[in-house]
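All remarks here apply to the structure that follows.
Order of writing sets the chain letters: A, B, C and D. Residues in each chain are counted from 1.
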Amino acid sequence: MAKYIVEFIGTFFLVFTVGMTVIGAGAGVIPPLAIGSALMVMIYAGGHISGGHYNPAVTLAVWIRGRCSTVDAIAYWVAQVLAGLAAAYVVLYMRKQPTVTAMNPDLARALIAEALFTFALAYVVLNVATAKGTAGNSNYGLAIGFTVLTGAFAVGDISGGAFNPAVAVGITAMGLSAVKNIWIYLVADLAGGAAAGLVFRLLNPDDK
Amino acid sequence: MAKYIVEFIGTFFLVFTVGMTVIGAGAGVIPPLAIGSALMVMIYAGGHISGGHYNPAVTLAVWIRGRCSTVDAIAYWVAQVLAGLAAAYVVLYMRKQPTVTAMNPDLARALIAEALFTFALAYVVLNVATAKGTAGNSNYGLAIGFTVLTGAFAVGDISGGAFNPAVAVGITAMGLSAVKNIWIYLVADLAGGAAAGLVFRLLNPDDK
Amino acid sequence: MAKYIVEFIGTFFLVFTVGMTVIGAGAGVIPPLAIGSALMVMIYAGGHISGGHYNPAVTLAVWIRGRCSTVDAIAYWVAQVLAGLAAAYVVLYMRKQPTVTAMNPDLARALIAEALFTFALAYVVLNVATAKGTAGNSNYGLAIGFTVLTGAFAVGDISGGAFNPAVAVGITAMGLSAVKNIWIYLVADLAGGAAAGLVFRLLNPDDK
Amino acid sequence: MAKYIVEFIGTFFLVFTVGMTVIGAGAGVIPPLAIGSALMVMIYAGGHISGGHYNPAVTLAVWIRGRCSTVDAIAYWVAQVLAGLAAAYVVLYMRKQPTVTAMNPDLARALIAEALFTFALAYVVLNVATAKGTAGNSNYGLAIGFTVLTGAFAVGDISGGAFNPAVAVGITAMGLSAVKNIWIYLVADLAGGAAAGLVFRLLNPDDK
């Protein structure tokens, strides 16, 4: 049970930081730096208990790689989505029910952007947090958090830069993304995570 | 005695950086980046001597978790508050007695903002600096410092982003926060720290 | 074969981030922070498989230092250049065939800028990732990635701040740099990398 | 001899980055981030050979702490100052003999600013790079580099934020600081470094 609570706490602070900085600071250097840092610190805080996924696409990748049981994967998904929703409602209260405009992304480009960087994110996670070759390295949290920072800078203006279905649920509940577009994140992010799981197995045949 | 001096030095530079950058640079990316970095570097410098708290709410959390004696906790609080005051007066001299306007926060939202991120801060501290599962990890300072960076970006415009009663004393002495509002920080920050101590014990029943 | 794929993936995300942020955000703090972070995270993800070069000049330096076979060096160069081209074409699609103006650099200054910081980059790589004296240090990725960040801030307005022939191929294919100027990067970057290899051997005579 | 070359290389890139970003980007987030990163990466690259001082005030502190011979201290000072001058002349060439205005600092405040943060810098160095209690920690470079980042944000507008006599020589040669003011940096920075050496010995009586 402790690990599900840890997943809830970490995802809550990640999505809360997304909402507070995107609504508060808009575009620029602040949201990606804050969001990447939020993910990083929550990974350092909770990684030793839950693995520090905070992201259904990462959980899918870790499940494919064989380091997460099916029961845990389902419970993680539930905890992550509930945390994304909870964070969204706290953001709406803290920002006084802001008037925000949902993005109007170009579908093909948004799908590519989300798939590419969710692949990168899960590829980094699997290599820095589950591979034998990087055991003992302290920088897994920095690497994972700053992959999201990089992706948010690179393609944030194209897809919003979620790379995470729980974040997608949160920004949809906040009104930053339209309900009709949530499938973009679900499809592209889970596909990117699954692809990373398969690529990891291909590249590391001896690391079971 | 060395550890009390280390707490004074670290808290002094933390609060000094708060005042110099908030008064000098105002809103934007600079104060959170500078303040998070100040905390990080002082944790790396002093953590091996005092634990690197620099924050009465963190000291409370570590005391609840059972890794700080009651005598030390009281002496740390004294050193931290004195350092916050000393830093404030040096800032006022360096900035030539600036004319600053005290924030006028929304009380309920400021209490929530301070409690949430002081909880996050103490939760990160307990997990990265006192848990068995993260022993040997080099990134405790980065994780703790950048939790403050994250919080300052996320809710700095709502509560000022102190997450630390010694910082609250300092910004009150500088005039950045009104004397009548200091209870917000004392109540919310200590509550957040205490909650983190209790949650840590709940999540790590075998790590005494 | 796995290591060539890893070099392709890492170089792809590096050059993709270069193009997306330079075309999307222009000058300022974002491109260097994003690009340095992209390199850092890909080094943490792939370093244990391929060494995490993602740069023909780094591969040359590592080959001179004696930690990369000639066959691997050639295959790495091919993978890196192909990845640079692939990233360029994806950027052009994502940015809808943008109208960009190629830089018009001062030749002598651009050569010096590229040679100096490619030397610094390869000097950092050899010391943090291949020297006996730093074995076990977790921060090789941070050090290498943030060398590019430093160089991009310091001389980005003079040469574009490639420090990497694969990046040079990519920004040329995107139109950010003129075809007639690509020799600047090839000559200066490979010379800087080779110089770092020789300096490393001079400074570390006992570390074969 | 290798360690003197390493000190020259590291100080050169530090002062070169100072000049290129201060003259190129002016105030704001870029120079402190670039300068702190330059110091960090050069510490990771050269620390295992020379200790990675790149700063006469740090060398003084390490000498007082008893971890640097007198002969090395003198040779380091020579290498550092020569590197500062060399970097200045390359900056002037790269920036086409720029017209810059020397700072006109308030003397008392500039002395305090330089002394305080050079103390902090040397205090961090001694604790993270020479203390028994932090042996094996990977983050010495991050801690030291980001102390300069913090100080540059906190007091850069008051003293220029050198915290380093070799940087002071460099910015004087570039015209960013007046020749008549160089004593400020020499006096305050060496005093700050010496104070840190004495405080370290006081706080760590058993760590010889």
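Details
The rule is simple: a contact is a pair of C-beta atoms (placed from the backbone, for glycine too) under 8 Å apart; a residue touches a chain by one contact, two chains touch by 3 or more.
As the structure is a computational prediction, the values presented were derived from the model and not from experiment.
Separation of chain B from chain D in touch steps, taking the shortest path, is 1. With every chain reduced to the mean of its CA atoms, the largest distance from chain C is reached by B.
Rounded to a multiple of 5, the Cα-based rotation taking chain A onto chain C is 90 degrees.
In summary, the pair chain A and chain B forms a contact in which the copies contribute largely different residue numbers, shared numbers making up under half of all those used.
Centroid to centroid, with C-alpha atoms defining each point, chain C and chain D lie 27 Å apart.
Chain A and chain D have Cα centroids lying 39 Å from one another. Residue positions 28-29, 33, 136, 138-139, 142 of chain D are each in touch with at least two other chains. For chain B in complex with chain A, the touching residues are 28-29, 32-33, 36, 109, 112-113, 116, 120, 123-124, 127-128, 131, 133-134, 136-140, 142-144, 146-147, 149-150, 153-155, 157-158, 199, 202-204. Interface of chain A with chain B (complex): residues 2, 5-6, 9, 13, 16-17, 20-21, 24-25, 28-31, 33-34, 37-38, 40-42, 44-49, 90, 93-94, 136, 138-139, 141-142.
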